[in-house]
Every structure is written in C-alpha cells, then in structure tokens.
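Just so it is clear, A, B, C and D label the chains in written order, and each chain counts residues from 1 on its own.
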Amino acid sequence: MKEKIKVSVYGATGFTGRELLKILYGHPSMQINRIYSRTHEGRNISDIFPSLKGMLDMKLTAPSTEEIDDNSDAVFLALPHETSMKYVPVLAKKKILAVDMSADYRFSDYREYEEVYGIPHSDRENLKKAVYGIPEINPEEIEKADLIANPGCYATAVILSLYPLIKEGVLKGPAFADAKSGISGAGKKLHDEFLFAKRYENITPYKVNSHRHMKEITSFLKHAAGVKWDNLVFCPHLIPVERGILANIYAPLSEELDCDELHNLYAKYYAKKLFINIYPEGKFPQTSDTVGTNNCGIGTAVSKEHNAAVIIASIDNLIKGASGQAVQNMNIAMGFGESEGMR
Amino acid sequence: MKEKIKVSVYGATGFTGRELLKILYGHPSMQINRIYSRTHEGRNISDIFPSLKGMLDMKLTAPSTEEIDDNSDAVFLALPHETSMKYVPVLAKKKILAVDMSADYRFSDYREYEEVYGIPHSDRENLKKAVYGIPEINPEEIEKADLIANPGCYATAVILSLYPLIKEGVLKGPAFADAKSGISGAGKKLHDEFLFAKRYENITPYKVNSHRHMKEITSFLKHAAGVKWDNLVFCPHLIPVERGILANIYAPLSEELDCDELHNLYAKYYAKKLFINIYPEGKFPQTSDTVGTNNCGIGTAVSKEHNAAVIIASIDNLIKGASGQAVQNMNIAMGFGESEGMR
Amino acid sequence: MKEKIKVSVYGATGFTGRELLKILYGHPSMQINRIYSRTHEGRNISDIFPSLKGMLDMKLTAPSTEEIDDNSDAVFLALPHETSMKYVPVLAKKKILAVDMSADYRFSDYREYEEVYGIPHSDRENLKKAVYGIPEINPEEIEKADLIANPGCYATAVILSLYPLIKEGVLKGPAFADAKSGISGAGKKLHDEFLFAKRYENITPYKVNSHRHMKEITSFLKHAAGVKWDNLVFCPHLIPVERGILANIYAPLSEELDCDELHNLYAKYYAKKLFINIYPEGKFPQTSDTVGTNNCGIGTAVSKEHNAAVIIASIDNLIKGASGQAVQNMNIAMGFGESEGMR
Amino acid sequence: MKEKIKVSVYGATGFTGRELLKILYGHPSMQINRIYSRTHEGRNISDIFPSLKGMLDMKLTAPSTEEIDDNSDAVFLALPHETSMKYVPVLAKKKILAVDMSADYRFSDYREYEEVYGIPHSDRENLKKAVYGIPEINPEEIEKADLIANPGCYATAVILSLYPLIKEGVLKGPAFADAKSGISGAGKKLHDEFLFAKRYENITPYKVNSHRHMKEITSFLKHAAGVKWDNLVFCPHLIPVERGILANIYAPLSEELDCDELHNLYAKYYAKKLFINIYPEGKFPQTSDTVGTNNCGIGTAVSKEHNAAVIIASIDNLIKGASGQAVQNMNIAMGFGESEGMR
C-alpha cells in the first residue's frame, strides 16, 4: 500500500473546510494530518459538523504563524482574505506547498489586489510566484507551482464559460455574466442579509457590476488567453438554495457562428477534461446536475438572427467552486491523478 | 353607497384565479357574480382554496359557451390558451367587456399567433380589436377597449424594463433578458418537472431563446414605441420560490449615458405611475419587495467603460404579472381608479 | 361615513408589526395614528417593508414613556417582553386601551411570570387587571378589559386544541403537544440559529419540555376551564417554512370516546366561532390552509383500541398567533364586529 | 487486493436506487455488476442522475424474472411492493442473497401483509424465511439470513427510539410517535400532492393513525423484544425538506425514571453500535445532523412531574431509512464489516 502524503487544513470549520475534509477523508493519496481553527480550538470537528460523526473525530488546533507544523507535506488554507497572507510567507519559507482558497494570491499585481480589496498586500514576494489555478486551462503552470491561488466560485463558473470565446477572439463589445448562487457561498457569516427570513422566498441581485470576482475573472482570462480583454459586465444573485451556481454568459459575436460551430468549439476546448460536461445542443445544465460533484456542466446556444451567444455553466460552489478544485489543483501539483479523491 | 358592477371569473380554480378572487373580494367597485370551473363544478371555492374559508364560500358553476351569463357586466378569463377563444366571440356578441389572461388575444396578427402557438386562431375578428394592455404604457388604448389581452408574467417585467430604452432608441445590437421565476408560474400542471423533488434545491434554465413570451414582448414594444425592433435574446429560469419574477436586462448602448441619465430616463417615463417604483441609483429590487403587491420595482445601472445598461425589474408573477394587472386593466376600461382594489 | 378610532402601534418594524399594519390599513373602524420604532426612528415604514410601498408611506417615531400620544384611542404593543411593562403603566394612567403582544401580562400571578421569565415584574398592579384573551374562549372577559394580554403563537394553537378536552375532563395522564413552527416566529433576531444555512433543509426540535409557552398554556386553561390541570408535555420544532404552526395533541383518554363523539365535541365547542374550522372526520388541516388568514383549522381523531385522542390544529403564527388575534381582541374590546378588518 | 463480490440492483433509477449506487460505487468489498430498470432500459444511469456523470456511466438493463443474472453474488431490490415478490422466488431458487427494500417481506405472517397492503401475498414460502433486519437489534438473525426485508424509513426511526422502552417494559398506556419526513420519501411519484406548489411552505399531517408502517413497527418490536405490545399511535407529516426524518416518541411511563436513568438506558442499549449516537442529556438531534450519513441520532428526556418520556430520533430517510441500512444488512449477511462503504 502506497504511502499517503500528509496535509493540514487551516480554517477547517467553515463550509469549504467541511467539504475539503470530506474529500480528503476518502482521498487515496492524502491523509489529514492536522486541522486548525482559532474559534473552535480544542473542540472535536464532529461536534461542529455532526454529519462527520463516526467518520472524522479529530481535535481542532489553534493555528499560529510561529509554530507551523513541519510535519505536513502540503497545506490547504480555507481562511478569509487578509488572514491567508499571514501564513503563506511562513509556509513558503519552509517550502510547504500551499493551496490558498482566499483571495490573497489571486492577482499577480499587488496594486490590483489593493484596489479591489482596499487593504495593503503584505506579501508581494509570494504574490508574484503564486499560480491562479484553473486545472482545465493552465495545468502546466499548476504542476510547477509552489503556491496555488484557488479561484473564487463565481470566477470558476464564468472563466470556464468565457475562455473559449475569449481565446478565439469572437466577442464583440461587452459580455454579460448573470450568475445565480446558493446561500452557502456566504459561509457562516452572521449578518442580517443571511437570515432565513431574508433569503427564503426571495431572489436578490447584489453588487451589480461591482463584485470583486469581476476583476479576478478578467485578470486571469487576459493572462490565460494572452489577449487584452476586460469587457465584462457581471451581476450576481442570491437564490434560496443551499448549493450551486448557475452562470449565464450573454455575448454579441463578432463573427457569424451557428449553434453547431459554437457547440463544437466548446467540445474541442474541453475534450478530455474529466470534470467538464459539454451538453448536447438544445440542452442546458441545471444546478442539481452538478451539486455534490466537482463537475462543471456547460450548455451553449446561438441566436443566429442577432448574432449572439448564450453560454450556461453549472457548478457546485463549494466543490468545483472551492474545495473540489483545491484538491484538483493539489492533485496536479503533487503529481497525483487529477480526479483522485473526487470520484 | 355606490352600486358595484358584477363580474364573473372563468377558470377560477387556478392560481391566477385565486389571486383574482382575493382582489375582487375586497374591490370597492366590483362584486363577484359567478365563478366558473369545469373540473370542480358544484364544489365550493373554499374547498379548493381553504385559505378563502369564511371569506368566499361560493359554488363553482360549469362554464358553457351556450349559456353565457347575461347578468355580468364584465368578465375575467383565467383560462388556458385555445380555450379563451371559444368564449370571447360569445362575450363580444353580448357586448360584455372581457379581460383575457390567456395568450389568445396577445398578437394583433393571427399569423404571428399561429406561428408561436402552433394552432389555428379561430377568432380573427376579435383578435384585431383586442388591446394588449400594459397600463403604464398604453392606458388610452385600454380605456377604449372592449376586449383586453392581459400580458404574460415574463412579458410584463421585460416590457416595463425595456420600454424607455426602446422608445428612446438608445440600444445597440441585441438586448439580453435573463428572467428568474417562482414555480407558481407553472400553475397546477401535473408534470414531472414541477415535482418538489425536481424544483427544490435547483436552479433551472429552460426554453433558452425559445420561450413564447419573447415574441409577445417584441410585438408589443414595436407597436407601443412605434419602432422597428426585435433584437431580443430571452432566457427564463425556474427558481425554488413560490412567487416572484426578477428580470434583468443587459444591453449595449448606442449613446453614452451615465448612471444619472439612465436613472432619470426611467424616473421620467414612470413618473406618476402608481405601481412603478424606480429605485435610487445603486439600489435594486429583490422579489420580496414586490411579492403580494401589484408593484413593479425597477433599478438601473450603467457600465460607463463598456457603455452598457443593466436594468433589473421585480414583480409578483401572479399579481402584476397576471391577476393584479388584469384588475388594473379592468379598472381603467371601466373608468374606475387605476389602483382600486389593490391597496 | 362612520368615524374611525385612532390606534397606534409600538414596535411597528417587526414581523408582527408588519402584519398588524397590513390588517389595520384595511380596517373599516380603525385608522393608524402613529407608528413607533426606536431603531428606525425617522425612517419611512415602506423603506423597512418595501411591499407596503404605495400603501402605507408613514414615518416612524421614537417611542417614549414620557410623551405618550394622547391622541390615540387605543394602542397595540408589538414589543419584546420586559419593554411592554414600561409603557403599559403610562397608558393605563391615561386610560388608553392596550393590546399587549409581549409576554409581560400573560400571567395573573407575578411570581409565575418571574419564574418563567427570570426577571422581576415591575407592574404588578396592571398585571392583576390584564385579561389573557382567546376570543373563542373568554370573549366576555375581553369585552370588559382595559388591558389585553395577547397570547403567544404556540399557546394559541395548543389552547384551542386542548380546551374542549380539558373542560370536559376526559384526559387521563399527560397530554403531549408536538408543535411545528415556521421561522418567522423568531422574528428578526440576528442569531446563528436563524441563518438560512442553519434552518434550510433542517427539522429542529428545541426547548424540549422547557419552552416558556408551556406555563402560559396551562395557566390559562386552568383559569378558563375552572379545573386543576397542568399535565402537559410540550415540544416545539423549527421547520423551514416562513409561516404557520401545526400543533398536534396526543392524549390518553379517561373515557371511551369514538371518532364521532370527539368530533362532535369540538364542533359543539366551536360552533358559531367565525375563525375556527372543525374538519370533517378523517380530514386534518395543513399549514397552507390557514396561512394568510386569522383562521384556526382543527382536525380530530380517536384511536379506539388505545383509547387515545389526536387533535391537530393549524394557524398562521403571525396572524391568529399574533397580530390577527390582537385585532380580534381589540375588535371585541371596542365593540366592533369580531372579524372586522380580517375578511 | 481482495476480490469484491458482485451485486446487482433492481429498480436503480429511484431515489433509493441512486443512494444505493453511490454507496456501492465506493464500497471496498462489493462491485456493481448490473443495474436494472424497466422504464429506462437502455439508457445510461448518468443520464437519469447527472450527478453520477464521470463516476458511474453504466447502462440500464430491463429486469426479467426469467433471466435472472446468475453472475451476481447478491442482489438489492429497490422495487415497489408487489413487484419484489415476483423476483424473490427466482432469486431464492438460485440461492442468491437478496436485500429487499420493498414492504413485501416485512411481515412474517402473510395475513398481516394482506390486511395492511390489501393484496394477496404470492410467496408465502420465502415470507416465512425472510428476516426483518434492524442491524442494531437483531444482527444474529441477519447474519444467517438468505433474504432480508429492509425496514421502512419511518419504521427504522421509530423502532430504534422505542426498542429500549419496550424491551425494559416501562411503558404505560399508548406510546405516541409523531414523525416528520422530507419529501424524497415519496420517491418520484407523479401525484398532485407532491408538486412543488403543494409541498413548499407547507406542513402536512397525513394518514393519521393509519400509516402502513405502524403495523411493521409493532410487529417487529413484539418479535424482537419478545413481548406482547402494540400500543402505538402514529402520525406522519410531510415537511418541505428533501431528506431527513425526525421521529418523536411521547410516552407515559409505568416506572419512575429520571433523566439520567433514561439516558443511561439508551446509552447501554446502543453502546458499541457504530451508527447510533446517543446525545447528552438536554441535547437533541436535528435532521441536518444525520443527512448524508447512515447515522441515527437519539436524544432523551423525562418529564419527572408527569412521569413521561420524550425520545427524539433523527435519520436520513434515504440512507439509514433505506439504502444505507440495506448495505449495512448486506455487510452483516456477507460477513463484511458492518460499516463498510459508509464511512
């Protein structure tokens, strides 16, 4: 039986932490070494998440930048932004591979980060080295990375939907992304807006054209497609479901494409990608198709008369939009099979 | 005390029927004369809708084209399409004012109807006379009408959002409408797709760019704005809430407008419209703002850098999107106050 | 046209406040004079509840025990417990009739209050005079009251279900009440437990046999039925719906009753009660039957072989369980028709 | 690597089929051999359940009593009642171990079955041999079984809650079971009552004291505890969640027990039971604690003054209430570890 690598999880008690632990628990090549939580130090993780009872009954340790656990081969940071950049420098010094699920290392330029997040970036050095990892688009970069910035949930869905159009250069004018998300995207934040009374029986647009993921999307797409493009209008919504993101791209086209051609374009770009399902023409994914999985379903349509494309993508915001993709990135960086632990 | 007019309701046992009865029950100038249902003939309406118990305990009569109740001053048809056009000719002959909530009289050209609905139209004569009534746009036509085609729910939200842009001629290229609807829009249809198991915890796009309301929208907008325009891409979604529609319009602009100018445009168009609330800049409606009311909330935004507009409208699909607007139309046609019975 | 009395509402911005305003807005004999809120002083109520827009656009005033509005004929207190008892003495001095929706005046004995609520009662004088009002049970007391303690939501459902059994003295041993409530019962409390993430897709028992309403129920039943009885085990649950309470009573019987006899007992007790619907044998209410109404549906069953009764009651927790019953109590105390404003 | 046994699944396209496949897919000692469905013959299971895409892409075969697959070591029947008893005789003849998830083999006496299900039982022979398997109660019987009747979901929760009380003989008079179930319990039945419109925002009691599981519960408890007892009143409810059952037992006691003693009783009975979690005093399970697991959480309380017990149990209706327990039963019968495949 092969030796498993040891991994630790910082911020284990959030929703992405929980999903991560569930995946790692069954991972054939990784084994959970330590789980950290400042708030719940000393408690058992199965007290926080009773559904882990009998499966994962492990104590939570308080994290500390001074005593980084030398014993782990790799680390997942499921921390809020501004916190991750306290741990990454220490991990980098010890040469421990990290997948960071916060926003701290998602921009290559610290000025972009500071503009979007409104706080100074204290670790410009590692920022430059970090690789923003969308496994279906830049796996070669991920393979060589020592530090991986795991993309945001909206960003993942929108990037996967837009990439072939951007790369092919067939867009004309702005592309519009209308995204609908389940409430787990907000994590466990204690805020009025996330009360049952406010979310149930309600459909709510928010941060219209001002959501932070917008910059992350255009920044990566420019880098990955090697083009100058940031012509995106983005509007997210809260939908009263627990999990799932549905992202619709609406885009005028510069070239005449018919349904077949657009469909084939996506089929070609994502051929052999284990977690991407391109739907047949006329069929579109719904969130229930992907909830509980690391899959991304994509459907395509063309309005011939208006020369416009509609792309619809569905993911589980906590898995492909967070913890599943983090493991996928780690698998690639570690040289494991891309889908290990997720099938 | 003033005399009330007598109104009858055909198709009283659907969801729009129920909302209609609730409004009419408290209407100061109308009184419910007869309620019809083929399926539930002889039963009491409060057996079908227990929440009406003690309020409206009225027997349901089977409708018949042969014995149209002469006793009613006006009639609401909450019937499926293809059925309405059997009753309208008889009502027209008796000069009874009708508000038809089906799709049967929503197109002025029978060929358009036949193309969209795939069945022959058997009443071309009244079709020509029917007025498609959006009270905030063509009240003068409604005032004089003998037959009013009440708009579809998606159509209401999209038309109200798009009208100022179309009328001002500031659109460039296709406008995209992404609409999200509660499940009551499907009525009581017994279909797999409307089972709790399929709808709960799910976000589902459907009829992408092929929904019937698309034609109804462009057809009316061309007529009302007096322009040649049908550059619309429309994508509806089912959302697991009972009620509410949120419709987002995404549109490249031909002229440079800033946020202020767009906001003022909408404020001007809908000034003095009792049921339209234009939100302040930076604010957008959510469905809970309008559920249970005949209101339509509208928020506007401009992306200056991409010269594109985002308009978001919220209505209650069963009220402003159906029964409330039907009463509003009837109020206007009858010379009552526009908001009677709805405040 | 008859003169309406003027009423004020303290605590207008909670969920029960909102329901109260909706009812009062359409009340034929009451007119809203002032609405109070400490938190939202100076704001418009329709900013807090956008669905009131165009209907009730009224400013909120900060309440003060020093400047009680002399101008109101009656007052509704939709305040938390401990706050009501600050206002009641001032209102009493000015001889303004009050319906208090908090728990402050629900016990006739201050020691019972202090034991259950764990705080001293500062207004023993008015406590003695207050009438706990269940309009279907003690209307004569309500008629003469100057201060009415409006019952809790669970208490209303359980009392109405149990009263005939208690009054007839047919119970043997403990009665068990299993109640299921929608989340609006928690109001707008900002607490972890009321986050969407915690309530959605979850069924949660709480305060098993230790809920405060338990004492309120037995205290009133003893008083109203004139018996010595407090043999109640009570277990409430949170259910992911917005509104509605379903309360099931399970009780061994001391006498042999068959289904008919039990049904007839309830039919007799609640004959002519406008808001009580006794279901036919074999039929039981569900919450959707009563949501949006001031009705209470009651179904009864007997297990002959085990000599036990099952009673199931359904109410809207915000209406019959709070604001509707408050108006019903006020109607009775003011000499108006019992159902005014609610039909 | 050890050889896995081959198992087939009949009725693979229902919700319990889906859960079963998910468990079997990751089972270390079983491998899915064939999956059967009459309705979806020839289709791929991942077309029916898109969330299985990339994991289980297997063709569905039409089942036939004539051509039972000889190749399987064991079989799961996720079929409706009346259908299972067509396949069991053939499987029995071929000596293939079967776990039947229908109700067909849950009674040892065919007359009891015929009374409860209202149809003749065509396989009395195997009925006599079948073992009703609650792994925490009668594992020795399960070990030796050739045919296992897998308990119903309500029955599982109620039996586990009641067993210690029955076995100890401390009940006095009727026990009342109030159960609340998610909608997946109804499977994919196309019936009005299971439409989103009927279930959402609704709490519905049904089959009050007449549900079929009632007999199954008392029948097994008598057998397992070796007592004469069938003093149960049972009332199930539909709750608008997808998954989960919460079952509350309310019971007058014949002996004075305090909280400690009752808690210890349950702790003793279920000590070392891998899937049972007895909650500390004052704590009770909610459905989210067990959803997605094969666990059963149990909380206990005593009302000293009324000498009554309250027991609350929570399970996932599709796992511990169906497919998980089926695998647990199969594991025991096959000599595998009880929890294999479920951790």
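Rule of thumb we're sticking to: a residue touches a chain if its C-beta (ideal position, glycine included) is under 8 Å from a C-beta of that chain, and two chains touch if they have at least 3 such contacts.
Computed from a predicted model, the values in this text were never measured in an experiment.
Trainee: Which chains, if any, touch chain A and chain D both?
Mentor: B, C
Trainee: If every chain is reduced to the average of its C-alpha atoms, which one ends up farthest from chain A?
Mentor: Max centre-to-centre separation from chain A belongs to C.
Trainee: Would you mind pulling out the distance in Å between where the CA atoms of chain A average out and where those of chain B do?
Mentor: 40
Trainee: Could you put a whole-Å number on the gap between the CA centroids of chain B and chain C?
Mentor: Result: the chain centres lie 37 Å from each other.
Trainee: Averaging only over C-alpha atoms, locate the centres of chain B and chain D and give their separation in whole Å.
Mentor: 47
Trainee: By residue number and range, which residues of chain D touch two or more other chains?
Mentor: Residues 198, 201, 240, 242, 288, 291 of chain D each touch two or more of the other chains.
Trainee: Which positions of chain C touch chain A when the two form their complex?
Mentor: Residues 15, 183-184, 186, 188, 190-192, 194-201, 240, 242.
Trainee: For chain B, which residues are in contact with chain C within the complex?
Mentor: 26, 50-51, 53-55, 201, 274-275, 277, 285, 288-293, 295, 297, 339, 343
Trainee: Note which residues of chain A are touching chain B in the complex, please.
Mentor: 172-174, 176, 178, 180, 198, 201-206, 208-209, 231-233, 235, 237, 239-244, 246, 248, 250, 252, 284, 286-288, 291, 299, 301, 303, 306-308, 310, 312, 314
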